[in-house]
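Order of writing sets the chain letters: A, B, C and D. Residues in each chain are counted from 1.
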Amino acid sequence: MTVSLDDLNALDAEGVVAALDGVYEHAPWVAWEAAARRPFATVAALFAALEAAVLGAHEETRRRLLINHPPLGRRKGGSVPVAEASASEHAGAGLDDLEAQEFDRYAALNAAYQSRFGFPFVLCIRRHGKASILRQFERRLDGAPAEELATGIAEVNRIAALRLAERMTGPGPLARHGRLSTHVLDTAAGRPAAGVRIELMELGAGAPRLIADAVTNADGRVEGGLIAGRPVPIATYELLFHVGAHFRASGDGGGDPAFLDVIPVRFGVSEPEGTYHVPLTVSPFAYATYRGS
Amino acid sequence: MTVSLDDLNALDAEGVVAALDGVYEHAPWVAWEAAARRPFATVAALFAALEAAVLGAHEETRRRLLINHPPLGRRKGGSVPVAEASASEHAGAGLDDLEAQEFDRYAALNAAYQSRFGFPFVLCIRRHGKASILRQFERRLDGAPAEELATGIAEVNRIAALRLAERMTGPGPLARHGRLSTHVLDTAAGRPAAGVRIELMELGAGAPRLIADAVTNADGRVEGGLIAGRPVPIATYELLFHVGAHFRASGDGGGDPAFLDVIPVRFGVSEPEGTYHVPLTVSPFAYATYRGS
Amino acid sequence: MTVSLDDLNALDAEGVVAALDGVYEHAPWVAWEAAARRPFATVAALFAALEAAVLGAHEETRRRLLINHPPLGRRKGGSVPVAEASASEHAGAGLDDLEAQEFDRYAALNAAYQSRFGFPFVLCIRRHGKASILRQFERRLDGAPAEELATGIAEVNRIAALRLAERMTGPGPLARHGRLSTHVLDTAAGRPAAGVRIELMELGAGAPRLIADAVTNADGRVEGGLIAGRPVPIATYELLFHVGAHFRASGDGGGDPAFLDVIPVRFGVSEPEGTYHVPLTVSPFAYATYRGS
Amino acid sequence: MTVSLDDLNALDAEGVVAALDGVYEHAPWVAWEAAARRPFATVAALFAALEAAVLGAHEETRRRLLINHPPLGRRKGGSVPVAEASASEHAGAGLDDLEAQEFDRYAALNAAYQSRFGFPFVLCIRRHGKASILRQFERRLDGAPAEELATGIAEVNRIAALRLAERMTGPGPLARHGRLSTHVLDTAAGRPAAGVRIELMELGAGAPRLIADAVTNADGRVEGGLIAGRPVPIATYELLFHVGAHFRASGDGGGDPAFLDVIPVRFGVSEPEGTYHVPLTVSPFAYATYRGS
């Protein structure tokens, strides 16, 4: 359920709390405090008020904000009642149906973290691929308690920012999204390569996870980008460009097997809010790629 | 055991037969007939004489030449007494320790081919990767009997040519080899990238098969090439260039994970006797590759 | 003076003729005939009506339409009273201040054409560079009279289409423009190269003619493109990318002189209404370019 | 006239002086002193002996070694009797037929240098293009006298090393040469581009100077390299690859003018003894180049 900034500004404080329910999990007090600063000129201003409320709260209150968060990872077929937003975030990161062995690893890490710091491990998982989540977990288990409280709260605010961006319409959108896009150019023909199938995989410890499966349009691009309107999770990806069919169609195949058929391009994303344009310029016997803009 | 052309020319006919034992499996008559044309100026001339003896033989004799060949594929841990050359050729193609399921597929294909044509399927397996061997098998099962006899004999001659090249020293080497090589250039530094680990994998239906694991020298090349002095088997390959460590060493890594770390380059080889130079020109955020010479 | 489509539709026929004065030189009858088909839903529909009037006219009338056109080329410092639109078109193509020798060549070609066909050589010069204009002149001098009448009229309509696009505002713009743009990416740093000076030269028989002199913005692009909102004249161009200063600034220069300093990229344009995106991906020791989209 | 190291070792001291006449201009004493160290195992050892004789000489003797050198630059049509080696070195650098204005500039620089330091400006001009020679001149005019004496002597030794390499045959060649080469690969066809005309120009203040005009062989290379067996003069170069005809021949031209016809690649050489491999990978609508090895 979305709400416009104008409508939000017109609500009373209770209405604001209801409208922003779940942006901060089990913590209506955040919206309540921020509501005092109405009206908000932009969504960014609204978020700044929410963030200020959190950062200005007593240490114990902030600690309790973390405690409200569910543990990371769901067993395949398991059912833990969690907030709706949290559930879809888990699914996006592939944490919603872990195999037994993987789930046990998360459970052990959750327990270790909880026992060391007294609050659960909180991470804005929409900014991370699976391998990156585990690296964060291991790194943060070594942190100092005061730092971990601050880091956990910063992650709570990142989670809230993304949830808020989905909730709100109207002026001043809070855009902290990244973008992953591609473009296929046939340099033998001097035109975009249309109709080329492209798969995007997230690589990690286990089997690759299919993130997108698309076909280039007349301009050689994937309509709307491969990842857009959300952070690009920190991870290693592989794009698979199925160019063999394209060149066979123009009679340029050459050889059985052809020199080029499926072209993998493997790259790392370290800035989830960054722009990753990864084009392919390709002829039947050569190709190039780069991080573009 | 190798023999020089001069020494061979000096032998009597029985000596020539002994010296060339196994070049044509269980068929001393081929060397015997060719021996009449001594002396040979070059190894190529010697091979031409052997080939002429085979092609000029009675149809039934040629058929028997095929019948002498062992079936394709060895079960893991199994022991079928085969000629030494054939055994090492099987090992090179990864056909010497097939899992039960894979072995059963080869056994079925061997049986079907034998039953249809009355002689075994013969293929110069040093010119093919595993997937290509299966494609050949399936394609040739549909052939006409007369064509298959001719094709099988042509493959016998290809096998003999490679065995002969290993057996002989001296003038006029019979060179029908291919070559696969690479070169890594750091285009940010303007010099060859030394010390870069490169893996060469053969791709197929099952798990990738490691063919070479090497490190670039000071000139950014792999000493002696990746495949040289033999045909490059028809197959799809993947080169894995481990450039991440190289760029981290020069302080150019950038990001965690870095944009480029392990770069896969996937390409097909269709001409086993061709030259495949597949270089990589790479900077921390871009790379290009092509079929060079 | 521009006019909106709505205003034009509201005028009487005389008003339409006045509003479109000069779109067809000295030929008010074209607008007069087209005016009968008001109202026009789009500028494209208006142009179709004008074109239909021209193509439907008697041969003698069409011939007179050509005769109204001024000869090509103006002597440096000379003054021939010509229609305002024609004057600016001449200036754009560099035909407005020819040196004596060059002017004499145009004068001779104009005279030869006029004497052969009985009407002047007409060409939509906004679609051609200087060298292409001369090639057209020489090619068309060999044409058959009937073809040349048709070709000249087609060029009159091309000239009119471009003039009309400038005259009209409102729905359905008549867009038959091309575009020439570029983009500079620093592949060592993985970002657009900002602040890079780029010159665009038109090459021909004489000295190169500077067409644009620009600096890349934060996204590595030239704001608004190098040529936009008009056809890209048929010609050979050279882009000069001054990348030396960019790499020196990031400490990557290397060598005196540096390996790369000013990078020329020379290319031909044959489709004036096409899109020519000519990017440069560059590191201190390598670069690539291609026709993009 | 060349001499082998064995023959030189067998000569008496006067013979050595005669055999090495002109390696150090008007300075027989250098060879005379070095002769005492016979026999020489390699040409490099011989050169080390000559260099040691020079560096060990009294300051006044070293100064006189510089004084023996002729001024830089010859007027077009002028005749100054100079040593034969010096004359051919002047011709190689394009300093042997200067126009009046250019000659005057050199004359003024020679005079200024002579008047400031008391000895002429000496430079190993085979290591420099014309523009680099002038830059050196201007830079060194600002030097301190003691430094200039040392720099001049170092240049005398560089000149001698190159002259000695031409004079001597036999073991241990003194190789301090550079190399400039290229390679053209057609990435649409996956093969070397044979028969492509390549011009190499040296750029400078005036008109470009043609250094080489060659055609690629079947492997897409220029036989023997573009510059080999001598230093590559410090300069800015432009390679002009005439690829248009190549693509037209394979029916890939496209457009009039074609997108790619003559491709200029401009690059700087700063290490005369370095290896500069500057290949072109090209399809009808894209190309790339880099400093290879």
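Observations, loosely collected:
Just so we're on the same page, contacts are C-beta pairs under 8 Å (C-beta built on N, C-alpha and C of every residue); 3 or more make two chains touch, one makes a residue touch a chain.
Worth saying up front: this structure is predicted, and the values here are computed from it rather than measured.
The chain with its Cα centre farthest from the Cα centre of subunit A is D.
In a homomeric contact, the two copies may use the same or different surfaces; for subunit A and subunit B, over half of the interface residue numbers are shared, pointing to the same surface.
Once the centre of each chain is set as its mean CA position, subunit C and subunit D turn out to be 47 Å apart.
Shown for subunit A are the residues in touch with two or more other chains, namely 185, 187, 190, 254, 259, 281, 285-286, 288, 290-291. Note for the complex: subunit C touches subunit B at residues 185, 187-190, 252, 254, 259, 281, 283-286, 288.
Residues 234-236, 238, 254-264, 266-271, 285-291 of subunit D are the ones that touch subunit C when the two sit in their complex.
For subunit B in complex with subunit D, the touching residues are 183, 185, 187, 190-192, 219-220, 281, 288, 290-293.
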